[in-house]
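Before I ask anything, let me first share the structure, which is written out below as structure tokens.
Chain naming follows the written order as A, B, C and D, and within any one chain the residues start at number 1.
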Amino acid sequence: MSLDINAIRSQFPILETQVRNKKLVYFDNGATSQKPLRVINRISHYYLHENSNVHRGVHFLSQLATDAMEQAREKLVSFVHAESIEEIIFTKGTTESINLVAHSFGNRFVGAEDEIIISEMEHHANLVPWQFLCKDKGAKLRVIKTHDDGSLDLNHLQSLIGPKTRLISIAHVSNVTGVINPVEEVVKMAQDKGIFTLIDGAQASSHLQIDVQKLGCTFYVFSAHKMYGPMGVGVLYGQKAILEQMPPYQSGGEMIDRVCFSEETTFNVLPFKFEAGTPMVPEIIAFAEAIDFINEIGFEKIQQHEHELLSYATEKLLAIDGLKIIGTHAHKSAVISFVLQGLHPYDVGSLLDQMGFALRTGNHCAQPFIQRHGVSGTVRLSLAIYNTLEEVDLMVEALKKVKNMLS
Amino acid sequence: MTLEQVKSELISEFELFDDWMDRYNFIIDMGKEGAGLSEEFKTKQYLISGCQSQVWLTASYQQGSIQFKADSDAIITKGIVQLLLRVVNGRNPQEIIDEDFSFLDQIGLKEHLSPTRSNGLTSMIKQIKLYALVFKTKENL
Amino acid sequence: MSLDINAIRSQFPILETQVRNKKLVYFDNGATSQKPLRVINRISHYYLHENSNVHRGVHFLSQLATDAMEQAREKLVSFVHAESIEEIIFTKGTTESINLVAHSFGNRFVGAEDEIIISEMEHHANLVPWQFLCKDKGAKLRVIKTHDDGSLDLNHLQSLIGPKTRLISIAHVSNVTGVINPVEEVVKMAQDKGIFTLIDGAQASSHLQIDVQKLGCTFYVFSAHKMYGPMGVGVLYGQKAILEQMPPYQSGGEMIDRVCFSEETTFNVLPFKFEAGTPMVPEIIAFAEAIDFINEIGFEKIQQHEHELLSYATEKLLAIDGLKIIGTHAHKSAVISFVLQGLHPYDVGSLLDQMGFALRTGNHCAQPFIQRHGVSGTVRLSLAIYNTLEEVDLMVEALKKVKNMLS
Amino acid sequence: MTLEQVKSELISEFELFDDWMDRYNFIIDMGKEGAGLSEEFKTKQYLISGCQSQVWLTASYQQGSIQFKADSDAIITKGIVQLLLRVVNGRNPQEIIDEDFSFLDQIGLKEHLSPTRSNGLTSMIKQIKLYALVFKTKENL
């Protein structure tokens, strides 16, 4: 049975918005996805019926909010196939998750002369924190090269791995090209040498089934807002044994066991040790609702639909003269980055915007990767479960118009 | 009485109560009357720390059955502790390991056992089961 | 003209909730306040009509979201009377704001043997980060004593200030007692010696008018969720000249100007330098809505109403035999912490909860302060603009019942 | 023509356009025809960095009036830059300091000037005013 696209679209009222008197076509899902009504309503419901601070409260509402939040954590455990709730830490998003690891894992496990490996295609969020850490610790940052088709150069990775390598941190899916990295292989290469791994799943979690135990990575991170969930919340999955050895990151309420001026302050158990301060309770609860939304459709149908969109769009776009796709590797998620010969992505994006299309242009927070491909930026089309073939057709037509105007 | 019988008895006792006040008065009375622990056992060694109320627990093992003693600085917590001990005291390790304490649910005290309720009760149940496991292991040596 | 309490309450539907078959009486505002409908609706509106990622987008929705977010920042500028938007940084909340300062200010301005002064009454969020920093830098933490009535011992503070003092960080209002600290005086004492100041305004921002320029503090921090706004967002106000000298905290997208593997990475301008990753956009926008809610009532009326509640509740509670208020200082916000002789706060709170009252019991994340008063915890009543004298009456009656049950 | 006259002229020109396409075609033409800068000036020194398109700006001052030259790698940005220069070129420093550029609003280009739009135009206006200020200061020395 295939996807009932109308049933899905009807859950996203914003898709019917008029933008500049034209119907919105939303192709900026890699930046943030739209949210189904159930997610939006879950937040309102929380504030209308359950709102309270969590964990420390004796009273009914506080218990209600706490239970809802902890049920959401359980849902995340199943979603990524973690072992226990102790491995699921709520953060602001992918960026904070990686910063947490860079700080706490870095402090415990990374010393002078040690090496961290990332790749050329990383988003700044999986790049700058490691630059900082390396500078701080006197460690070295090694960068895996990529092939022209946007895929990882595994031979180069093999040559970078050495006795000093402590961590390999790479994207599951590239946010610029949509190329899916062979994370299983990479983790395998790392495990053989006792090297830790972090997988940046920001662009994967709404498209691919995640099984951290099967994968065997040390850390896996992602953001709710890119997977039909609310802004302001994300996850750090970490192996319990490693999280336990890491010092806390932020400190304050909730992550404390005992505070004293004379004795050592002691910390709460996992996962609370890493969750200082009042958490983003409604966002966490609505995150679970987004996961239900995804699960109810199922990854099989999601992938089938998105693959169809991707193939169709790729074919139609390549038929445009002078259009070049950056990232032509076969194993891809539904993202297409392209340039039009002689045209600046900003110009293309500005005109498409006038016609109602929401796309992203620029360097996609991955400046080194963009430079490597010798362009000043790309136009990026990133698709989601609610996009349609008709929208792709509209965009291809619009693009032809844009080309005419600019040439 | 078997463990199951004690539980049924407890559940029937609670069924008699019309409202929360009766239920809590019963628990408070249990707390007040409960043997508790003498001060020498209210030390860090026996402490199970909950954020808001403290629970102390000791256990001894003789001829196949375990005897727990416990106390708390909060009277309601102590009352619930006494309820728990009524069920587990005199049992053999395996019985305790197998017990899921869901009867607390049936007598309307579930909320006190939520792992997010920081009164020390959840930790106490963990500790009770840990003792049982230790005694069982010793037994098998 | 006095407050139309019914008109206010009607904006908070959750206040009509039944809890355990009793009408909810919500006295846990110090932990988190309830939210007026306009704040809740603002979040839904965002997701239904404006949702998009901010700042980097060329397209219409992205511009809409960005503009709304930056207008919210402007609103915060006026709210605290900052000089410019560069001084308003959005964080997860008070805890993150303080951690940011402890990290970034700490790295730039605090060295071995330097001293940081906090007070005995601080929330763990304004205590543990400084313990961490001091441990890390070999600096010393000095703690201002408090008087028995809960007020700061200014003579002791005077004696603690020395040539090595770098920062004084204290609460504007104590979350345990409601005592309002003489922050103007403290800042004055610090300024005279070139010492920096941080004011933790978590418990002040919905009750007192804030004017950071008049006050002259270096930093001022607070959380939206304690002031009728959403969870998951807060503010760090910092003086521009100081923020500019501080290194970034978290790193990733948005806070970067230029990233390169060979050259030094350069950072974005203030305030973005300190806002790595996708921000909590709808929360920020709804925060501005909460500020409108406060401004439309006005601090004068808020204070008048809350003062009336405080006086009334204090009088009624003190009439209960064996009840002792912790924090009897005259200059107080609408918070009352009390103990009932011989009774454990957990017991009192549990029974009040059965009767529909939402209050907080325990150490209120201020363990050292609770210990100093020789109690195992308190029951805390924290009032807000929607609370009524009748609710106080109900609570006093309930408390008498509780006393009977437990004695 | 005075500065106000140039602005009025621009506004009337734009009023003739029926839709966004006409407006953008005009801007694109301005961008294509604009003098721009020779490569030697497209260096870091003259760069005003926006995140997505780059703008380069130079200025010279003679007999009380300023002459700007500018370029961009994006054609729309360059077109808008040409519009701006049509207004500010040949003016004296004070006129430029006093101009608020809200006429861009009136010709439907407000969005390009939003400070949150990272195309470098806002920074360019800042830079134009900075030049004016510098020249004015020199004048008064």
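Keep in mind that, in the parts below, a contact is a pair of C-beta atoms (placed from the backbone, for glycine too) under 8 Å apart; a residue touches a chain by one contact, two chains touch by 3 or more.
Given the structure is predicted, the values throughout are model-derived calculations rather than measurements.
Chains that count as touching both chain C and chain D, per the definition above, are A. Using CA-based centroids throughout, the chain positioned farthest away from chain C is D.
Averaged Cα coordinates give chain A a centre that lies 38 Å from the centre of chain D. Separating the centre of chain A from that of chain C, both taken as means of CA atoms, is a distance of 31 Å.
Per-chain CA centroids place chain B at a distance of 78 Å from chain D.
Residue positions 51-52 of chain D are each in touch with at least two other chains. Of all residues in chain C, those that touch two or more other chains are 20, 56, 58, 258, 346, 349-350, 361-362.
Residues of chain D that touch chain A in their complex: 20-21, 24-25, 28, 51-53, 73-77, 119. Of all residues in chain A, only 20, 343-347, 349-351, 354, 361-363, 376-377, 405-406 touch chain D in the complex they form. For chain C in complex with chain A, the touching residues are 13-14, 17, 19-20, 24, 26, 28, 31-32, 34-35, 39-41, 43-44, 47-49, 51-53, 56-62, 92-96, 98-99, 123-125, 127-129, 131-132, 141, 143, 223, 225, 230-233, 250-254, 256, 258-261, 265, 276-283, 346, 349-350, 352-353, 356-362, 365, 367-368, 371.
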